[in-house]
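Alright, structures below, take your time with them.
Each of the two complexes below includes chain A, the first together with chain B, the second together with chain C.
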Partner chain A sequence: MATLIHTLPFLVDGLLTTLLVSACVIVLSLIIGLPLGCVLAFGPLWARAPIRLYADFVRGVPILVLLYFVYYGLPAIKVNLPSLLSAIVALTAFKSAQIIEITRGSFQSIPSGQTEAAKAIGLSLFDRFIHVLAPQAVRRFLPPFVNSVVDTVKGSSLVSLLGIVDLMLSLQQVIGRTHVALPLYLIGALMYFAINFPLSALSRRLEKRFV
Partner chain B sequence: MAKTDARASAETPVIAIEGLTKSFGAHQVLKGVDLRVGRGEVVAIIGPSGSGKTTLLRCINFLEEYDGGSIRIDGTEVGYRDGSGARRRRSDRELAAIRVDAAMVFQQFNLFPHLTAAQNIMLGLMKSRGRSKAEARAIAEKWLARVGLAAKVDALPSQMSGGQQQRVGIARAVAMEPKVLLLDEITSALDPELVGEVLAVVQELAAEGRTMILVTHEMAFAQEVADRVVFTDQGRIVIDAPPAKVFGEQPHERLRSFLSRFVGFRPNPA
Partner chain C sequence: MANYHFNFAIVWRYAGKLFEGLLLSLELAAASIAIGMAIGLVLALISLDGPKWARPLIAAYVEFVRNVPLLLLVYLVFYGIPSAIDLQYDAITSFVATLSIYSGAYLVEVMRAGLEAVPRGLIEAGKSIGLTPMKVLWHVRLPTAMRIALPSLSNTYVSLFKDTSIASAIAVPELAYGMRWIETQTFRTVEVYLLATPIYLITSYAILLLLRLAERRYSVAR
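Entry: the complex of A and B
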């Protein structure tokens, strides 16, 4: 028991790294994915085509391949990123493709009658977007987005493969020294769960409220 | 429903459509339609599905682009501008200003689900008509009271029946004080027992002299409320006459076969 308590600060450090990576990935993916998703929903073909290609390609590649590509592949063209940055870049590439898709779907699932009704009362393109489409899109966006955040937190455990001491790797290191596997894995699982369960619950509440 | 002489007011048409053509791909839906609607006139468009009546209505506020011919609301060409011989599509801003004059009520209501009944009406008033929030609210409350929904001012569409939603839809359109009100099969999505409450509202608007074009399958209602009935078939206007004449003599073979499908409808010219 005493051993387990001694390991806690070390695990909490790992947990903080997991949260840091996840937060960076989510924020960057929103910054990239929201505008590109809007272009994919409303833009002209020449702008949609490259975004479509990017989203389909990135989502079709295993995240681990993206991770290794950025960390081990890019140095060949003189792009040397430290491991933490490589991890954030690779995970953001993947997550932003997902955000693009969720954003596009949120707008395109709004019935066309909404735009027609807004046109019929003389709203301009800008007002139609701000007052009619965007509020409805947000309601459609939130549930899948929260699920996507949960996936990000869990999926960030892959960064341990680049030697980043996140919750996953800190667990393995502690187990390597103490040889107490089961209780430590349980603690680690509970830590992931403690973050993700409230998010899942939130997602369910949002779905009930808006769909 | 005594109305002023429609023929006299038709001299200064609110709506003037000439030679309107429209195709969806290879299929020509409108094959040269001419229609004039005078101030205060109520025109009912009837006809088999696929005859182009809804497309015609949607062209009037440019929800559909038209290929040839012209539509003028109070003298202003709706969708295009003459630019050195070639017609150019109007900008979104110009279209918005023109569309306010031809507000539309939809078959599927199309209320904004995230806004209350009052907010549905206020949005256009504030953004397109430049009303303050307080003014818009007052107008919205006035119109909701007029359509019998004073108690539903702050209700969301999801908390209302279909008939109530459609009455909000009518209030939203008419509150814009459009030059013409376009009604697109507004009772077709309603349960039969809710049709009456919606038609009663339309009847009242007709009685106070509002210009309206309605596409409808309610023959008895068209006969009662309209000054003119327009029968469309295969992309053309086949008959354009007062209801007594359209429903009375039934001179046209295609109209006869069309009307015969409405079980229980007995043409009853006043």
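Entry: the complex of A and C
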């Protein structure tokens, strides 16, 4: 028990890295994914095609392969990124593809009667977007988005395989030193659970309320 | 990019590794999905028709597994459990067990939604022609629930196939492991990824396409 308490600060350090990576990935993916998702929902074919191709490509490959590709593959063509940056780039590439899909889905699931009614009362394209489509899309966007935040925190554990000392790797290191495996894995699991469970619960509540 | 000299010949020599890896990945996915479906179906039935006290237990299982990284569960089962109790198993068994438990937690939800969506009238019709509850389950509820659940199942199956790449973390020689192995043997990094990435892509979309075809054939008209 004493050793376990001793290791806690170390695990918390790892947890902070996990949270940092997840937060960077979420923010960057929103910045990339939201506008591209809008283009995919409303844009002309020539703009939609490359976005669709990108999203389908990235979602057909495991995250782990994307991580390896950015970290081990890109240096071969003279793109050298430090491990933390590689991890964020690879996870963002994956997450933004998901955000693109969620955004597109949120807009496209709005019945077309809404747009027609807005046109009929003479709203401009801009007003239609701001007052009719966007408020409804946000409600449809939030539940799957919060769920995808949970996936990001879970997926960020893969960065330990690039040698980044996140919660997962700090667990492994502590276990390597103390040889107390099962209790430490369970503590680690509870730490992930403590972050993700409230988010999952929030996602379900949003879904009940909005959808 | 300009100065990279491609040399596929070396990588081709090891291409067998990739295909063996792909086969193992598919086997891992198929075994885990089969066991996961069984777990999901049984737990979904228990939480719908079973005793009330079982419901919070099932919810606890689902919530725990869904909110913890798969990689941690893989390590927990492979390193954690054998360290605490006297139980020996190899990496493949350990990974299949983990992925089954993991997929089970996702499939419970899918199957429960499917079972709940079976129209009451169908079940009553089954009863009224004299089927036993077991026969109603087998001939009426399950086939209908499967058809309703099919679209949500296909996405889960594809992501489980992609999740088999995590087995490489405990040195199971599946596709991602084979890919890294060739890379460290030959240092032909770009070529390896140019071969391995399409293998994942094509397989993922082939699985999706097959399930879409099944959907078109079997799905319930709404």
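Simple rule for what comes next: the second predicted complex is superposed on the first by the 211 of 211 C-alpha atoms of A that agree within 3 Å, B and C clash if a C-alpha of one lies under 4 Å from a C-alpha of the other, contacts with A are read in each partner's own complex, and residues count from 1 in each chain.
Simple rule for what comes next: contacts are C-beta pairs under 8 Å (C-beta built on N, C-alpha and C of every residue); 3 or more make two chains touch, one makes a residue touch a chain.
Please read these numbers as outputs of a predicted model, since none were measured by experiment.
**Student:** Between chain B (first) and chain C (second), which, if any, makes contact with A:Glu116: first, second, both or neither?
**Tutor:** So A:Glu116 only meets chain B here.
**Student:** Have a look at where A:Leu161 lands relative to chain B and chain C in the superposition and call it first, second, both or neither.
**Tutor:** Second partner only.
**Student:** Give the label of whichever partner, chain B or chain C, reaches more residues of chain A.
**Tutor:** The partner with more contacted residues on chain A is C.
**Student:** Tell me which partner A:Leu125 touches in the superposition: chain B (first), chain C (second), both or neither.
**Tutor:** Touch partner of A:Leu125: chain B, not chain C.
**Student:** Looking at A:Gln136, would you say it contacts chain B, chain C, both, or neither? Reply first, second, both or neither.
**Tutor:** A:Gln136 sits against chain B, while chain C stays out of touch.
**Student:** Should A:Asn196 be classified as contacting the first partner (chain B), the second (chain C), both, or neither?
**Tutor:** Touch status of A:Asn196: second partner only.
**Student:** Show which residues of chain B lie in contact with chain A when the two form their complex.
**Tutor:** Per the stated touch rule, the residues are 61-63, 92-93, 95-97, 99-100, 102-104, 106, 108, 110-114, 123-124, 127-129, 172-173, 176, 182.
**Student:** So in the complex, which bits of chain A are touching chain B?
**Tutor:** Going through chain A, the ones touching chain B are 111, 113-114, 116-125, 127, 131-132, 135-136, 139.
**Student:** What residues of chain C sit close enough to touch chain A in their complex?
**Tutor:** 1, 3-4, 63-64, 66-73, 75-76, 79-81, 83-84, 162-163, 165-166, 168-169, 176, 179-180, 183, 189-190, 193, 196-197, 200-201, 204-205
**Student:** What part of chain A is in contact with chain C in the complex they form?
**Tutor:** 57, 60-65, 68-69, 72-73, 75-78, 150, 153-158, 160-161, 168, 171-172, 175, 179, 181-182, 185-186, 188-189, 192-193, 196-197, 200
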